[in-house]
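Shared chain: chain A. Partners: chain B in the first complex, chain C in the second.
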Partner chain A sequence: MTAIVHNVSPGLWRLAWRRLRADRVAMASLAVVAAFLLMLVLSASGLIVADWEQEVGVNYAPPGFVGAAQPPPAEPAQAAPTQPMQAAPAQAVPPQPMQATQALPDNPFDPLADDIRALRAQLAAGGAGAIDMYGVTDPLAGDLAQLRGARGDTSAAHAGAGRLATLPFGADKWGHDIIKKTIKGGETSIVVGLVAALLAVSLGSLFGALSGYFGGVVDDLFNWFYSIFTAIPSVLMILAVAAVLQQKGVATIVLILGLTGWTGPYRLIRAEYIKHKAREYVLAADAIGASHWRKMFTHIFPNVSHVALVQMSILVVGFIKAEVILSFLGFGVPVGVVSWGSMLNEAQNELILGRWWQLTAAAVAMALLVTAFSLFTDALRDALDPKVK
Partner chain B sequence: MIAYVVRRLWQMLPTMLGVVLLVFVLFNWVGGDPAFILAGKMANAESIANIRRQLGVDQPYYVQLWIFVKQIASFDFGLSWATGEPVSHIIATRLGPSLTVLLPLTLLETLLGIALALAVAFVRGSLTDRAVMIACTVGMSVSILVYIIVFQYGLAYKLGLFPVQGWGESFWENLLRYATLPVLIGLAVSIAPTLRLYRSFVLDEVGQDYVRTARAKGLGERRVMWVHVLRNAAIPIITHVMANLPALLIGAFLLERFFGIPGIGREVILAVERSDFPVIKAITVYVAAATMVFNLLTDLMYQAVDPRVQLT
Partner chain C sequence: MMSDTPLLDIADLRIAFRADRHTTVEAVKGVSFQVPRNATVALVGESGSGKSVSSLAVMGLLPPDATVIDPASRIRFDGRDLLALSAAERRALCGKDIAMIFQEPMSSLNPVFTVGAQIVEVLRLHMGMSAAQARRRALELLDEVGIPDPAVKIDAYPSQMSGGQQQRVMIAMAIACEPKLLIADEPTTALDVTIQKQIMELIARLQKRHAMAVLFITHDLGLVAEIADHVIVMRHGEVREAGPAQQVFGQPQDGYTKALLHCRPSLDARPWHLPVIADYLADVEHQRFAGGDIAEGQGVTPLHPLERQRGYGPDDQPLLVVNKLSKTFHLREGWFGKREFQAVKDVSFTLARGKTLGVVGESGSGKTTVGLTLLRLHQASGGSAMFDGRDLLAMTPREFQAYKRRIQIIFQNPYASLNPRFTVGQILLEPMRIHRIGADDRERTAIAHELLEKVGLPAAAFQRYPHEFSGGQRQRIAIARCLTMKPEILVCDESVSALDVSVQAQVLNLLQDLQDEFGLSYIFISHDLSVVKYIADQVMVMHRGEVVELADSDQLYRNPTHPYTRALLAAIPRHG
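Moving on, here comes the complex of A and B:
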């Protein structure tokens, strides 16, 4: 009796997965990407960081390992944070206007420190007005405090009751916990990247399928679109569309990126369809009477979908970077929505005041995700390439 | 050759027509009524009607399109909505500063990229090679914004090695004083992707038969790489550099914005911020035209450096 052995040869996806499993860099980067995606799902569903807008720390509370801000002796009500990078800005001769509002921390090396303290004390005693954290006298501060007191509004207080002097990763201008803000910002940036890439790849696949499968006039039409969209550099295209679409919103950025990014997937998917449409399995499908639509998407598409997947993976990285730049410039997410780009925008001005933690948090989180995603994309492309055995 | 150029120019027409249509649809149709943007907060019906008549947007769409085509052909896009400066003057005066940054950047990036790519290809497959490639991936993952913010803060603001921002009148002052840091940052940002790309170009050549022949006749690895491989790898490299020049004009917009360089890229950002449609329209159309012309030049050069290429 001979046993019948079914030798099912492993499919493309199983082989690709096997190759990925063997690649240690790929698995490590996949783990990082998965961790970010898990964080995204948790924060989008409100299970974590739903309270990121709570002002838990004092304004600009430094990270715990830097140490708590020392309130200057002359002004107990004001918590001017010590600056971790304080020496240089205080010593440099002001070369540009940014320094006019430079914070004056209690720098022990500052030869004028005593004078400043004396001046502050004198001003405070004279009741001429409080000095804000930049060392600028505000003659209306007293009135403002009265008004605020009348309205019961304490949000502008520098050291509100119950606010922490340090947070593990520091706080921003309003006292939001940076780590929570970074996760929330990541949610926006990653969602924009993923959805926009999905839109771009869907458009590119659809156009490419129609173009490659039908050829002729359809092909000419889509090639014309392609030549138009590639004649305009993508940066310029994105900015031009951003200028036209007036209402800001997450959906707007997704549209901008998705509608301008379809050309790469289109070119490759079209080439695959041209190659596949004459293969036997498509002729067989034709023989049993399958419709054009069915041949294109039920028969051919699964065989070219690995191209679409790699393209999508490449686009996600590009779109996350693009969203960050757009939001930084103020053409991206609306005010009130936090993304890594809007964090970098805030952090740009904070750095001059020596508050580097928001910049570092947003930059590191983004670099970590993008590095992992890029390495995974490279590995995925290698794993899916049938030429590599 | 001439027949080829003429045919290519002829083929550009539909694409250019498409670009014009696309820009027209975007700005004259999707962009909404410019009169409301221009009239601002103090708008009343009369002033809006006035502005609409001045701009010609009360005309039917085909008349507007014809106006737009005439503007492109005559290089006269009228006045900027934001500053009242003639658009043609804006483009002419912003081109110089952009090129002052871009040309040194492109030159240095290409030379450094080639040198590093050959060096890395020299040790291909080794641990050094892998480490450099992973370092490139990490370097590419940090946002360009972070590079600019940190370098501008660290090198210019804190250490005072470079001016924080600014732009002067004389070319040499601009090139040597104000453009230095932007060029260095641009180099730091672009060297990683460039190196990855050039390395793949070089590695494509290393496997060819002529390389084996060169080795077989006893040439040193150094000579094989620097003479035989480089000459052939230079073809895709030149193509890549040439074809990307027009896009770079806009691509350096972040550098121009941060360092206060009055170039084309910064002008685009300003125009987007102020909804200054004539400026964006003009720059988009001309950059698209430049891209197409450069693509043609690239193909011609391709044939010049590689006699095997037949232009048909």
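Moving on, here comes the complex of A and C:
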């Protein structure tokens, strides 16, 4: 042994941090995770994307690099009343009723051809009323035009004129900026992932500590619970708990994931406690008169905490994905709360129409975070326990 | 050392390990030595001396990406430069011409294959034998290394054999291909003394019969006195002394060699203090390692003129009276079966105030169980332990809490008995907090600093973590932790067994000083009879859970009455 020359004495965490810092992949992935967390904090505190609900773009405004949507047949007129705005600026003015003559060419074999021709002539002469593209008279067309005119006066300033045809990353069906929506959605997803993982690991650590330390009947009891929880397929379990809780909300999801996810950490922490309780340093603590609680949490827990930490970071990744799946299945966050899962859920209808940008934004953000987090977890495990490498 | 050409010729070997990207640690600093054909060479050194690293370099077993072997280094075996060979050539050579035995037979043998299968594998791989041939040869080998009933044992799994038998199997595997060089790396350190003696004899016999060279690596200079032709003493990656065995043992030239020879307590004399390395090394050396393990001066003249007298006298007051202590473990066997194992059977003894009781026995003798049961770290199955008028074993846990500070334990492995996540300060303060010793943390910190000084550690140690200290220093920390509670009885469970010989002497001196100063009573548990002879007033010899002999230490060593005691004494390696 060499003489110790310097005064600082790095603890095991600091040594782990040193190893981590030497690992480039770890630092890159940590930077990505940190960027996401920063985003989360800023958006949660309202410093950024507080205005994500503003309808800044036109409905389904495509990303800037794709270019504005082609004007016509995108939006059938019937869809208009349910929506605040039309599809493209070209249609900002109410669509002109089609001229009968232009609408459809005469069909010589149509048995009603004569009637239609007469009708069209009458309309053309009268000038009032409108015929839709199928050549059918719309009795309310005039009222609709009037309504639109009236509304156009009041809302043109904020909606009609100011809305953009394209946004950098596109817009959803209400014209929300996708990038802001993704950041806001990330807030929910990451919070759910982190808090649920914290809950699951806390429960798992506590149960594992009690079970592994005391053994015997306590161990049997917890193992019995563990067996029940792991015997049921996890998705089924999640759906069952979701059905029982019946209340939609972020807290519910956290609870569901936390209550079903403790089994993994429990198993590992229990094994560590069984291993450590027979170690000499625990015997020594026993010999100096330390209480059970003290031995469990002051002595043993710091020595197994790296297991809990690595478990936690694995669970964060898993729970972010689980939240997405839950939301996709409709058990997730309530309407009005945006998360990556709810974005993907919306995107399943949009994809048929060729609007891929919401899906892409949510999926890319999630993939980036999950990949970075997984890489970081790996590096963290190596740094905390270099022997496993 | 020169015959014609030496079998193994190591010249200027330099090996460094990469600690991280920027720093390397030099483990072997220009070592040169030779192993002649058909001779036994002992490579002796304490932990960190580079002896094992040198031998692993010969075998090519060092981790390639963490090791830097200096390009100027030469390892010539039988005229070929090992370092210049390809990995495949090296593999063909190692195992066939060079074989190795390791310290831990249990972890060197594959637990899922029978020992026969493992020997057969070696034979088929290197000798190209058929399965039937190899099995016949394996039987011969097992017979040769002294495995009883080899026809049955060849199909046994390693776990079904004792440690000594496992090491014999390892030796059988090593000599299977008639190697020219056998490297034995601490082959007996994990074994009991009586087994150690048998293995040493076996190696010596095989060396002669097979006309091979043996490179015997050990920390224990006394061990190789009988078998070595040449001795090389290493320290800190350098060769300190090399020469024929008679010369090294008879007229050691180097101070370090002298220290190694004398630090180990001898059976014939009991000096007031054991000599430590610092007593033998030049002052320059002394200062160079100041702050390390070696530097703590004892403040006493190195070789005390007086011999210490040991033994119980008529006016000793009994402090702890143990009567018919027994401990039974219940083992599960199969699904429903249960087996009882009596680890301790009706052990009775008396410990006097300020005296030391030595407990000696081999592994499985129940000596450690006695210690742990007295501290109630195991629940006793029967008997009593009267301390201060109360039976320690009959108290409720709540009542016993107050007694915990009065009877303390120092464990064998200083690497395992200190919580790695606690600083030394936390380790020392904790017992005082639990037992409310000292008014506040400031006072406790002052006590802790005082104790650190007492056990010979710098005050700066307070802020550091256990992993920054060497084994001897850690054992001092463990001792200081016990002293915070001012115990009356200290159980030392193999407390110096894991330490290097020179460090062991320092810790024994420290324990002795503390006994002189505080009047502590020790229960000193050890497998090492010479250590027990040095430190104990009374010695209790245990065998299979029973006390076979209990007597004053001088009397026990002079006139052992029980055959087992005699066997133990005969197994102690003697030198000079």
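Simple rule for what comes next: the second predicted complex is superposed on the first by the 285 of 389 C-alpha atoms of A that agree within 3 Å, B and C clash if a C-alpha of one lies under 4 Å from a C-alpha of the other, contacts with A are read in each partner's own complex, and residues count from 1 in each chain.
FYI, a contact is a pair of C-beta atoms (placed from the backbone, for glycine too) under 8 Å apart; a residue touches a chain by one contact, two chains touch by 3 or more.
These numbers come from a predicted model, not from an experiment.
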With the two structures laid over each other on chain A, which partner does A:Gln246 touch: chain B (first), chain C (second), both, or neither? first
Contacts for A:Thr371 in the overlay, against chain B (first) and chain C (second): which applies, first, second, both or neither? first
Just to be sure I read the superposition right, which of the two partners does A:Val324 touch: chain B = first, chain C = second, or both, or neither? first
State whether A:Leu351 touches chain B only (first), chain C only (second), both chains, or neither. first
Tell me which touches more residues of chain A here: chain C or chain B. B
For A:Arg267, using the defined touch cut-off, is the partner it touches chain B, chain C, both, or neither? Pick first, second, both or neither. neither
Note which residues of chain A are touching chain C in the complex, please. 1-4, 7, 9-12, 22, 279-281, 283-290, 294, 299, 302-303
Once bound in the complex, which stretches of chain B touch chain A? 14-16, 18-19, 22-23, 26-27, 30-32, 134, 137-138, 140-146, 149-150, 153, 157-160, 163-165, 246-247, 250-251, 253-254, 257, 268-269, 271-273, 275, 277, 280, 283-284, 287-288, 291-292
Residues of chain A touching chain B in the complex: 25, 85, 88-89, 92, 95-96, 98, 224-225, 227-228, 231-237, 239-246, 317, 321, 324-325, 328-331, 340-341, 344, 347-348, 351-352, 359, 363, 366-371, 374-375, 378
Write out the stretch or stretches of chain C touching chain A in their complex. 20-21, 48, 289-293, 372, 375, 377, 401, 404-405, 408-409, 411-413, 416-421, 423, 430-431, 434-435, 460, 463-465, 467-470, 473, 478, 481, 485
